[in-house]
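Please find the structures below.
Both complexes below contain subunit A, partnered by subunit B and then by subunit C.
Presenting the complex of A and B:
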């Protein structure tokens, strides 16, 4: 088994045993959706645009929880230090943490998508299938950005409070693109209209996965 | 003379304006053991963290296997085993799963076999399926020792290795250290008081006011006892 697979399977095993991250993320996503359903005018809250917006807000909040938890699992008993002195290179560690965060987020967002359909009076149809790749792109981009920034903020006092302040502004371009592309997917508009927005999501993912892969060793390193 | 495994030169470390280590010079060769003695907050753990590459020195440098400890390549890191104040073990994994995980990271051929072999060596063969969060502090320390040594390191860094161990645990740890030294591993350990391990020559150093002072005599314990901690100040 490779180091990547070992770290990822260890994280998944720990999560299966505790369920802390996923349960918290699903609960938070549900809360966000419930609040938005009640806060929005019923006339507005029936459209795919509102549903797409609500789903991406849920992604951001749930993702913040998941990204910090994936690295936080290593702070117990200072296991992160054992990983740092092991022969595993930092880029592999980053990739495994990114993958773990993305999987936790996808589980939470899958539940969030079902709740969105129910809360926003949408139909279970092919629109959800078209939505899936857009959400996956959003989750990868968010996990890449948040994992990198969680490693930076984790070194600062009160880092958990700092993380949202760093992540949200930087995620705005992907958020805008994701909401527009998701609106197109949910409203059964031709996907060609969302091509540019999906392109932005892909570019965002490539940028931050590459940045994280190259920079992680500099931000996770020494005291 | 063979190149030392560990060599520091005028090593210093400050946290903000507070100096913790001042011009520390240390050389440890293959098959030799150095014990760093000092009170709480003396800087022992800081020195060990620098040697492991976990902390950057403020002044001077530390060479491990001839490489800067801050920039050890993966092969260099593979040759270091570290036992720290914290066990580096995942509480929600079982003892066997923890060892298997680390064995995989260290590219050991048969991680499961190695894990079970080490569980036997540290007297935890009957607890392999227990989650670590159920362990006592002493059991966790034994398991942490197995984790640190599972890849047969060339340099073993032990931060207060006998902490929390009962007499059986002390005997096991003593045997492990002796075996590792006999294999040619260099050992750097910290302790609050002078240590003596039967049949093992320990080079004693003391950290006092940030300075690492070589003790004038090394200690070879009498054959009678397994391990003695000579309580009190090193020069007494």
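Presenting the complex of A and C:
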């Protein structure tokens, strides 16, 4: 078994047995949606545009929770030290951690998407299928940034505070593109209107997965 | 690059700044459509230029730090980020002052405003990260990584925000090509102002670097004294 698969399956098994992160992320995504419905009133909080915005807010918050949990779990019993001593290069470690957080985020967002359809008066239809690849792209981009930056913010006292300050501004382009593409997908507009936005999401993912892969060794380990 | 050079640089900056102020307020003709408020343009554009140059320096310094090591690269990135933040704030403020009479609002989500504001948030995060991790002993490497990632983000921000919406006047390169400054004196004033601001940036950067270098030296001295006292106590 490759190192990547080993670390990923370890994280997945851990999560299957405790479920703490995913349950917390699903709950947070749900709370975000509920807060938005109350904040905007049900009259405004309906239809594809509001739903797409709400779903991406849920993505940002759930992602932030997931990213800080993922590294906290490793540092609790000094597990991170064992991981760093093991003959795994840092880039592989990054890729595995990125994959694990992306999977947890996707589970949370899957639940979030279903709740959005219910809360924002949409129909269960092919729109959800068209939404899926857009959300996957957004999740990969967010996890790529958050995994890299959580390794930095985790060192600070009150790092949970620092992580959003670093991640959210950097995520802005993906947020703009993702909300627009999701609106198009949910409102059953022809997907050609969303082509540019999806292009930006793909570029964002490629850029930051590569950057994280190359830079992770500089932020993890080595006292 | 001693103190003397820095003083010369400071004096030249001061002189040119006075000339630039005279040109902006007395010499250059008033713009026909916008009136007197257009003069803020000669502050706004140099601030934007300095902010972008400073943030580029942060990224380049980050690359060099990770590649070659050396405290000087970290100091350079830190100093440039601080000064860039200052001029980015000034750019947003001068833009906002101009926008109120011309666009009728202090703030709007125009593409360049949004891009500048996102930049401001990015480097605000960078500086906060530095402040929170100062004692970790690894802040230089973290800062280099954040500086590089932030710079990678900038082109994506620009593209996505431009696709999102824009109403910003394109003065320097208009949509028809060429530039939108009617009078040659306007071009000269802008160039002098940009030069003055660039010199001021260089001067502030040198001062800040000297302070950071002194701080590193003081830390070394304090450590040496502590070690010497510890040894003396044991003897």
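Note that the second predicted complex is superposed on the first by the 220 of 223 C-alpha atoms of A that agree within 3 Å, B and C clash if a C-alpha of one lies under 4 Å from a C-alpha of the other, contacts with A are read in each partner's own complex, and residues count from 1 in each chain.
We take it that contacts are C-beta pairs under 8 Å (C-beta built on N, C-alpha and C of every residue); 3 or more make two chains touch, one makes a residue touch a chain.
Keep in mind it's a predicted model, so treat the numbers as computed, not measured.
A.B. asks: Given the superposition on subunit A, are subunit B and subunit C in a clash or a fit?
C.D. replies: Once both complexes are aligned on subunit A, subunit B and subunit C fit side by side.
A.B. asks: Pick one for A:177: touches subunit B only (first), subunit C only (second), both, or neither.
C.D. replies: Only subunit C; A:177 stays clear of subunit B.
A.B. asks: So, does A:18 touch the first partner subunit B, the second partner subunit C, both, or neither?
C.D. replies: A:18 contacts subunit B only, not subunit C.
A.B. asks: For A:148, select first, second, both or neither according to whether it touches subunit B, subunit C, the two together, or no partner.
C.D. replies: Touch partner of A:148: subunit C, not subunit B.
A.B. asks: Can A:35 be said to touch subunit B (first), subunit C (second), both, or neither?
C.D. replies: In the superposed model, A:35 contacts neither subunit B nor subunit C.
A.B. asks: Which partner does A:86 contact after superposing on A: first (subunit B), second (subunit C), both, neither?
C.D. replies: first
A.B. asks: Given the overlay on chain A, how many degrees, to the nearest 10, lie between subunit B and subunit C at the CA centre of subunit A?
C.D. replies: Spelled out: centre of subunit A as vertex, angle of 90 degrees.
A.B. asks: One more residue to check, A:206. First (subunit B), second (subunit C), both or neither?
C.D. replies: A:206 sits against neither subunit B nor subunit C.
A.B. asks: After the superposition on A, what does A:162 contact: first (subunit B), second (subunit C), both or neither?
C.D. replies: In the superposition, A:162 contacts subunit C only.
A.B. asks: Among the partners subunit B and subunit C, which is in contact with a greater number of residues of subunit A?
C.D. replies: So, of the two partners, C touches more residues of subunit A.
A.B. asks: After the superposition, what is the least C-alpha distance between subunit B and subunit C in whole angstrom?
C.D. replies: Nearest C-alpha atoms of the two chains are 5 Å apart.
A.B. asks: Determine where on subunit A the residues touched by subunit B overlap those touched by subunit C, and list them.
C.D. replies: Residues common to the subunit A contacts of subunit C and of subunit B are 222-223, listed in rising order.
A.B. asks: Along subunit B, where are the residues that touch subunit A in the complex?
C.D. replies: 49, 52-56, 70, 74-75, 77-78, 80, 82, 84, 86-93, 97, 101-102, 104-107, 111, 147
A.B. asks: In the complex of these two chains, what residues of subunit A are touching subunit B?
C.D. replies: Spelled out, the residues of subunit A in touch with subunit B are 1, 3, 6-7, 10, 13-14, 17-18, 73, 76-79, 81-89, 222-223.
A.B. asks: Using the touch definition from the top, list the residues of subunit C that touch subunit A in their complex.
C.D. replies: Subunit C residues touching subunit A: 66, 118, 121-122, 124-126, 128-129, 132-133, 136-138, 141-142, 144-146, 148-150, 152-153, 156-157, 159-161, 163-164.
A.B. asks: Would you mind writing out the residues of subunit A in touch with subunit C in their complex?
C.D. replies: Touch residues, subunit A against subunit C: 145, 148-149, 152-153, 155-159, 162, 165-166, 168-170, 172-174, 176-177, 180, 196-197, 200, 203-204, 207-208, 211, 215, 218-219, 222-223.
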